[in-house]
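In the two complexes that follow, chain A is the common piece, with chain B as its partner first and chain C second.
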Partner chain A sequence: MERELICCNGLTKSYAGRRVLDGVSLRLGQNEFVSVLGPGKCGKTTLIKLLSGLERPDAGEVFMDGAAVSSPSPKRGVVYQNTLLFNWLTVLGNVRYPLRKLGRQESLSRAMKYIELMGLKGFEKAYPRQLSGGMKQRCGIARIYAMKPRVIFMDEPFSQLDAQTRYLMQLELEKIFLGEGQSVLFVSNNIEEAVYLSDRIVVLSPSPSRVVKEFRLDLPRPRNYLSPEFVRIRAEIERCLSEVCDG
Partner chain B sequence: MKLFGQNSLSPVIGKARYADFSCAAVSICLFLLFWQFSSALFPRARLIPPPTTVIPAFIRSFYEPIGSETMPGHIFRSLYRVFLGFSLASVTGVTLGILSGRNRLANAIINPFIEILRPIPGIAWIPIAILWFGTGENGKVFILFIASFTIIAANTHDGARHVDPELVGAARMMGASSTRIFFTVVLPCCVPQVFTGLQIGLTINFMTVVAAEMIRSRSGLGWVVSTGNDSGNMTQVMVGLVAIGIIGFALSSLLRLAEKRLLIWNAN
Partner chain C sequence: MWHLATDVWHLTSPKLLPGPVKVFEDFIAKFSSKRSDGATLPDHTWSSLVLVLKGYFFGVLVGMPLGIMMGWSKWVRRFIRPLFDLLRPIPPVGWLPVVLILFGIGQEGKVFIIFFATLMPCVLNAYSGITQTGESLLTLAQSFGAGRVKQLFFVAIPSALPQLFTGLRTALSTSWATLVAAEMLAAQKGLGHMIQINRMNSNPSYIIVAMLVIGVTGALFSLVLGLAEKLLRRS
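And then the complex of A and B:
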């Protein structure tokens, strides 16, 4: 790993007396791509909320560049599982929302660039209610890409996309990740996708969850889904996950 | 990238509206017919004049004055009072509703007053209005204000309280200041409920102005009805009622139109 960007120690969080996270420790390097896998409802979304500063942990701390994280910031972009678009703004309005400091012309051209990249050209003036689930997800991704944060947290960002679109989105994400030097923390329920994209994969246990295993992936990019190495590591992670799920 | 399918928004065309409109017209015509013939047939219905008397009288009222004003004058008087009272109530109600919906302390202070004032009907304030403001215009505006600001505040409060905190978090994550969040997230989230409150408030205000004018005034739609009653002129009473019904309907339609314009994003 290169220089460390984000690190957290012993993150613990309970909701209504039920412990969701039980001492999760992670680190994320500069320009590193880390995926988090885990059984359903194990607290992946909660982990992203804590790491991004949207919520505070009961115990443990989050650091970015050595400084404690205590509130959300545009340096830490979040692509939400439930998109959380602003329904009263158009697609263009949503993507421009974080770009206010840029000045009219630049914010417009940058927003349009990412709208196009996400295949939403022609829908700039549409309101979220007029979009399909997958299109909303792409809009939520576009607004975070356009914001150019130092680290992107992505919470099952492609879950509602069809296979073909999903594949294209993976390619775009890899391109952006490699091109802009950002770090990505990626939550997924799709092992293949995680193996294709990640430098490292972290597996969580069922809640109250902790990190049970880490996999380092040194395959060269762009990766080939069919290479023996790829297939082997995928199977290994699959086995690990099913063991974790069985308890 | 054509892989993302048809990139256009299909327009929604409604032919059903036209059919609805025709049905409404037919049913109103049938009702007028029924009214016409029943006033010839039943003794109780004979006490009020038939449409063939009321409709011409209604039209005549637009150029022949009733009292000191023609019908447009009376309509204007009533609407002007509603306008003043309702504006005052809206500004106060929305402000109080947002304050109490967003701030716990403000809620503890404001809410009891809203809840206690809410069930008191506007015309119950007439004695106090006269005591404070005399019988002039200010008293009527006061009555209208107090009759509707509570319901507007209560609805706004509901909207402001239920702003999704996750949306506020998302705005913060995108670097928005508290002021910007208030105007770009909190306010838009409240708008649907604010409109519900305004709609109810306006209806209440219109009913209240008519009632208040019936008790003490020299003009307005309520006055048309009450002086018709005093002089035993049932045609004038009916003309007044028709005008009240139509203007009330027009008012709420106007507000609905404004709501539709402002809330395109919220349509179903």
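And then the complex of A and C:
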């Protein structure tokens, strides 16, 4: 693995006395794409909250570049499962919000670039209440891409998109990931998507969850959904997940 | 209907309820006449307006920041909230006796009462608006690198804006109603005074004129604030 960017050890978290995460350890290298798969409600969102500094673990630690992570920071971008936008700002305003330090011209052109990339051109003056769920999601993604954080956490970012848009978004994400040298930690409920995008796939058990299995994917990019190798590894992960889900 | 009941059918005595024609004539005449209550209609209106706007201005100036800080800072809240819980049930006019003792019957006293009438709705609405800001919105801003101060100005205040405006609107209508009441109790000029004096001089059409002006002015106030809110939200 290349240089390590994020690493966590023995993350444990309980809500109201119920243990959700039970000693999760992960690492994420620089410019590495790691996907997390797991049964529903196993604590994937919780894991992202802990890794990004949004919440603190009960036990265990998170490090980024060797420094402990204890609060949210613009170095770590999070695309939430339920996109939260500032509803008094337009799409453009939302995407520009994190870019205010850049200066007017630069922030405007960068925001517009990613708004366009996410297929929201023509909606930059729209307010969140005028957008569909999928458009809000894409606006949230544009906002994070435009920030260019060192690491992007994505929590089922494409779940509300139709199949066609989803496919386009996967292609864009791969381009951005390959082009910008960022790291991505990607939570998905779609195995095919994860196999297409990831360098590594981590499988979690049902909660209280821990890492049960890791797959390394060395297929050359761009990957072909129909190549025998792709189909084989996809089937293997599917089998693993259904075993995990059954207990 | 009013016209029919009074001027056509004469159901009531004109001494009690004058018809609309008479009221309209008096309304026009009152623009220059000081008859009965010692000032012209514009004088009364202007006097009331100036009082209300002065008191309102200071009330907003103090009330909004105070409410916002109460909502934002636990410490400010801890110290000031009990005081407000104590003062809240006192209706603004309830301060009148105190004010009369302190300032006499003059204008300062009424400005003070209006100040209170404005202060309460401003503080309470700003306070609840700010405390209702979603914690997750603040965390989101934090994750974009916004510090506490920026979170206040760029997240908490904008998200509370509708409630801040509710405060401004409630405050203005309360102030206006309060002023009229205060003027009825103690004043030498103003629309409330006009009502009071003409009641004693049995001049019902002047009373109706004053009430109409009060109503229209109040409605204009809400209109202006409504427009201001629209403009602010658009930008």
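The rule we apply is simple: the second predicted complex is superposed on the first by the 247 of 247 C-alpha atoms of A that agree within 3 Å, B and C clash if a C-alpha of one lies under 4 Å from a C-alpha of the other, contacts with A are read in each partner's own complex, and residues count from 1 in each chain.
We take it that contacts are C-beta pairs under 8 Å (C-beta built on N, C-alpha and C of every residue); 3 or more make two chains touch, one makes a residue touch a chain.
Nothing here was measured: the structure is a model prediction, and the numbers come from that model.
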item: Superposed partners chain B and chain C on chain A - clash or fit; value: clash
item: Which of chain B and chain C A:Phe177 touches, first, second, both or neither; value: neither
item: First (chain B), second (chain C), both or neither touched by A:Arg129; value: first
item: Partner chain(s) touched by A:Phe215 [first = chain B, second = chain C, both, neither]; value: neither
item: Partner chain(s) touched by A:Ser52 [first = chain B, second = chain C, both, neither]; value: both
item: Chain B versus chain C as contact partner of A:Tyr196, first or second or both or neither; value: neither
item: Overlap of chain C and chain B interfaces on chain A (superposed complexes); value: 52, 54, 71-74, 76-78, 84, 86-89, 97-98, 101, 147
item: Residues of chain A touching chain B in the complex; value: 52, 54, 71-74, 76-78, 80, 82, 84, 86-89, 97-98, 100-101, 119-123, 125-130, 143, 147, 164-165, 168
item: Residue ranges of chain A in contact with chain C within the complex; value: 52-54, 71-74, 76-78, 84, 86-89, 97-98, 101, 147
item: Parts of chain C lying in touch with chain A, wherever the complex brings them together; value: 136-137, 139-145, 154-155, 158-159, 161, 233
item: Contact footprint of chain A on chain B as seen in their complex; value: 1, 3-4, 7-9, 166-167, 169-176, 180, 184-185, 188, 191, 264-267
